[in-house]
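Starting off with a structure, shown below.
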């Protein structure tokens, strides 16, 4: 807020300086979002209605959690395409643990039928332990897939893009195979509450997302791991010689990405009240798009949780407004693409300006 | 450069507004219905889409269209968005039955009537107007006809099925219907059916069908989980000399599901034996009538299940039922 | 003889900092001119302007009497100016011939295809004259750094440039390759080419050039015939003060307790049966030509590369293999020869770079919370003690520093860890005289604190000036150990060439 | 020394050896797999994605990526469908659809080289916008092609080479010659190796990079057209996801996403054909279709793993010998 005040007190003559300040500000993407909304406000006054804001925010939380996970990996100069399959697989496993009944007509062909899944539901059907065990297993699956990715990238030195593309294919297929394409329902009420419930006036999803965002922020900016993460992303060779356990740092980044994807999977599954083998399979470009819009570099070493937050907010508001404008669906794609392009251009202008004023050599 | 940039920014930001369906405020007495569908990738969905939008438009009702691109979550978000806009009713083609329940509940709590088209909610815990076509049953009817035809041949038949995307419940339902009949007549077949994955993608279908025909040259019954694959089937079978009319010794028994224009034409020409039909036009009409009635009465959470059992259009019943297949109507209309 | 090149009042500013402040001088045709100055004096900027990489803010140039202002490297090349950069400009995935012909591939009988045969044939003699015994179709990836440098030179020769700029050409060359280069330079001059030779190794400048131009702070502070200027005067003109001592007086003597003990270190094809030890307070010099295995040995000591057999111990405790981290924990430090790729996080603040190694020491509790304040303060102290020239070491990125100051940052990050044993691989390469002196002082100070230093260098003078003992490596083997009293340039050289000559 | 050479040979050809092994394994389980006809089918079905993957290889060589190829296929196919429906003759229709591919590529290149936006993002944008425009034109309705087009897939060049394989071969040959034997081709490798050094060396990097995206766009349109001749219909999902298949094929063939490394032949061709071969093999051997993607991804993972191992090993083998060789 103080930053905005400072800007507002600037004199008219210093518009140029102010413009530069805004462009270079950490909060630039946020300003851009606000500006965008203000421009559109006359056309869609509903955008600021409490219901819409609530709606937009409820869409934000799961995506935010997943995107933050991706940020860790992007900082190591990697990419994690397997997040969507983490969501799907953890969704199925969580449901298999927690469901209270399963329809044999639908699920009796599942490889899990008979020992993990029966007509009476899953392993912890009806038990009070269902929720904690289910959540634990879901998170564990995310971490496990992340570890596989990380190990392949850091130890086997395989390229991240292809590793995670393959694990994405693999685990997505496993999720579909395990459930024989069926969604698994009858999840405990306590689980669905995570996705749609409130504590007081505050949605539980918000609390989870904020906890994850704040911890991720602290982890990146204040801890040994965070410093080493950036060092690894910027110059892995120099980092290794300086005693940074680069392989472990990278593996941890993928594990965190998997964990965040699993939490995102929990929130989405809870919201949809089902275990879905195809959960999130179209979400990938949103996740990476939000990161890139926020200013996280695909080349590694550059990024902050705050930027991801802004990127996600921008992305969600963009879709929301395009929906509210009732554009034809094919126009939505065109406009969305254009706005992303524009944000990218501004980002380029920004980094050039930043380079010029930081005194870096050209 | 700088001026250009500012200009570009402002233009681009205002551009969406320019595309807007001007004055989208719904405070007036005009009835608005949101139509949220999951994709328009096959003729069936396109026909359903145009049936609904055109019927509504003809009655002077404003339609807001949303495409979820096969993403259940995005659909949920879109429905929330249209509720914010204060629409009078929501019609969805859900991605699957489970997500339909969740979305219907969202509408229930907002007091907006919801109609679910073609894919039924997985249970009845939410109130909704539902038009159901039973993929499994329809597929079963079409394949049953083939089984009867096969028996007449007096020999064993080698069946094959082109399976859709295993993430899509329609594909899974159709595969089940197919297997129900296969399992019913175990002695009719030479062995277990050959499964050909298509992922609902023509190129994949082409490659795998070619491989399957090469690996199993004796395939003489082919069931496609969707009619949209017929051009692919033709381009594979024709060079093998197996794209023959019924009655020709080289004919492969062919059945499909949807009932689109291509299928109708092929059935008329005597290439296709049977087609499972879900009547998209009737379904649309049934749903719209119920929806408009509910809006008229001011009901917020109407709850009614309407059934389209579909049928199989076969070479045997072509005469009487041809015009019940929507694809044939489109074909005739052209 | 006429004037080949003339600079007239060239000025260049970078965001308020003056890099060139009215530089004017002339270069005679067919002369070899040494251009010397400390890092940051403006040599590179001036040469970048000459090579078309940068445009001057003010002033003009003339080449062969005509106005000359290249707007890109292509322009410069067209005008017969070739620039051999310090950082090599080779494409490692292409062959030697392709690198040389990268912009002028010969066509096969008027087709758009490359005439590979012609290309390769035409280069054979050129490569041979440089003693580069490879087929022109060899991929550059497979060449050693020194050999790559020769390819770079071959490229300039091949382009038929009549004004060739050599920027620190000998830093990655072996002594023999350097000798060869000098022969080539003389030959080039006799062919009528003009050469600008930039180097920090003043003896080379003295040896090879006709004239010397000295730059300091963007201004010309000296211009004379090489014969009439001695090295001390060159230095005083570069640094702006008299300088008699190139090396600090050693303030302490080593004692007898060993820190590092290496026994039978071997890796087939790389090094064999290396034994030595470094004692407390000792600077152990390692002399060897490029490719003698010294760098490879250092990397094995520090756990960066693997070795087949042998043992390494620090203060009597054996070191595990392949783990730089446990080496650091046991008090080792390693200033690598490649500070850009292996030393620095270029776009990160100076203090962060200095603090990188010691980070775990500034962490609290389970989550390893970094005490950034304390770390920055101590990094600042280290920076001050190294006399880092930076305006704001907490925000300025490492890449904004000059080479010498960058090297100080690399050293600083190890000093912060208070090492028992510091390995330095060519720590003074490419840095100016003043900074070199400071690096030597740091070594002395560290030795006085009872640490051991393994100082690897290919400059005999600096080893003699600062080391307590010198071991000589040749072809992967430790050839001879020299005690301080036996230090002698010829003897050291002879030892280094032992195998190579035979 | 001799087994060292053997070792080197095996290391240099891991992907090819894996290919042969898999081919034999499928052949043992399903003997029909070993037929010549099957090979022809595999090649024929590889051709459209192979052509696109060749274009992708050009882009990958410069360190870029082209996510828009799927949308380019769709857009150019839609336009040719529309033109044919409007009664245009085939030749100009094909020309226009290829021009659209070129135009898409050029737009990508403009965004990347002029606006300096990273390729991933730039082509992500054109991918979204391109499909949007295609849907805008068709209103998402499928476009059917007449027999005059679909019959082209049965044409045999010289009486025995199916047209699509012929075109694929031609594309591969041209690309190979271009990359190996022309100035621009070699400079492309240089740009991918070190763009800044390339700039300093006086290479005109901008037109080179532009050309790779144009080539990729052109091949995407061409591949799209080949695909149409085989399947006869373009629906709204045409080509979507093909970008990942093309990238996977190129990477499996040894191309690096960091640029500078990769080849069209054997590289990308081998990668493409291998994926197609596995797919066919799974059908031949009647593996449960739920397991198809699982097996496929395991094999790709293994191939990429072998590739990274061999790169390491080769580097080690080519590590410089310092010590004198005792002879």
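First chain written, first letter: the chains are A, B, C and D, and each begins at residue 1.
Simple rule for what comes next: contacts are C-beta pairs under 8 Å (C-beta built on N, C-alpha and C of every residue); 3 or more make two chains touch, one makes a residue touch a chain.
Given the structure is predicted, the values throughout are model-derived calculations rather than measurements.
K.L.:
Using the touch definition from the top, list the chains contacting both chain C and chain D.
P.N.:
Chains that touch both chain C and chain D, as defined above, are A.
K.L.:
What's the overlap between the neighbours of chain A and those of chain B?
P.N.:
Of all the chains present, those in contact with both chain A and chain B are D.
K.L.:
Comparing centres built from CA atoms, which chain ends up most distant from chain B?
P.N.:
Following the centroid criterion, the farthest chain would be C.
K.L.:
Counting C-beta pairs in contact, does B-D beat A-C or the other way around?
P.N.:
Counting C-beta pairs in contact for B-D and A-C gives the edge to B-D.
K.L.:
Report the inter-centroid distance (CA atoms only) between chain B and chain C in whole Å.
P.N.:
The mean C-alpha positions of chain B and chain C differ by 70 Å.
K.L.:
Could you tell me the distance, in whole angstrom, between the mean C-alpha positions of chain A and chain D?
P.N.:
Distance between chain centres, rounded to whole Å: 30 Å.
K.L.:
Using mean CA coordinates as chain centres, what's the gap between chain A and chain C in Å?
P.N.:
One centre to the other, that is 45 Å.
K.L.:
Hunt down the residues of chain D that sit against at least two other chains at once, touch-wise.
P.N.:
Only 135, 140, 290, 292 qualify.
K.L.:
At least two other chains touched by the same residue of chain B: list those residues.
P.N.:
166
K.L.:
Quick check: what residues of chain A touch more than one other chain, meaning two or more?
P.N.:
Each of 176, 180, 328-332, 338, 345 in chain A touches at least two other chains.
K.L.:
For this structure, enumerate the chain pairs that meet the touch criterion.
P.N.:
A-B, A-C, A-D, B-D, C-D
K.L.:
Could you pull out which chain A residues touch chain B in their complex?
P.N.:
Chain A residues touching chain B: 35-36, 39-40, 42-46, 49, 51-52, 55, 58-59, 176, 180-183, 185, 268, 271-274, 276-278, 280-283, 319-332, 335, 338-339, 342, 345-346, 349.
K.L.:
Over in the complex, which chain B residues touch chain D? Could you list them?
P.N.:
Interface residues on chain B, with respect to chain D: 39-43, 46, 49, 163, 166, 194-197, 200-208, 210-212, 214-215, 228, 231-232, 234-235, 238-239, 262.
K.L.:
Within the complex, which stretch of chain A touches chain C?
P.N.:
Those residues of chain A that touch chain C are 219, 222-228, 230-231, 234-235, 237-245, 301, 356-362.
K.L.:
Of all residues in chain B, which touch chain A in the complex?
P.N.:
5, 8-10, 12-17, 19-21, 24-25, 64-67, 69-74, 76-78, 80-85, 96-99, 101-102, 122-123, 166-169, 171-172
K.L.:
Can you list the chain D residues touching chain C in their complex?
P.N.:
177, 181-183, 186-187, 189-190, 192-194, 197-203, 260-261, 318-324
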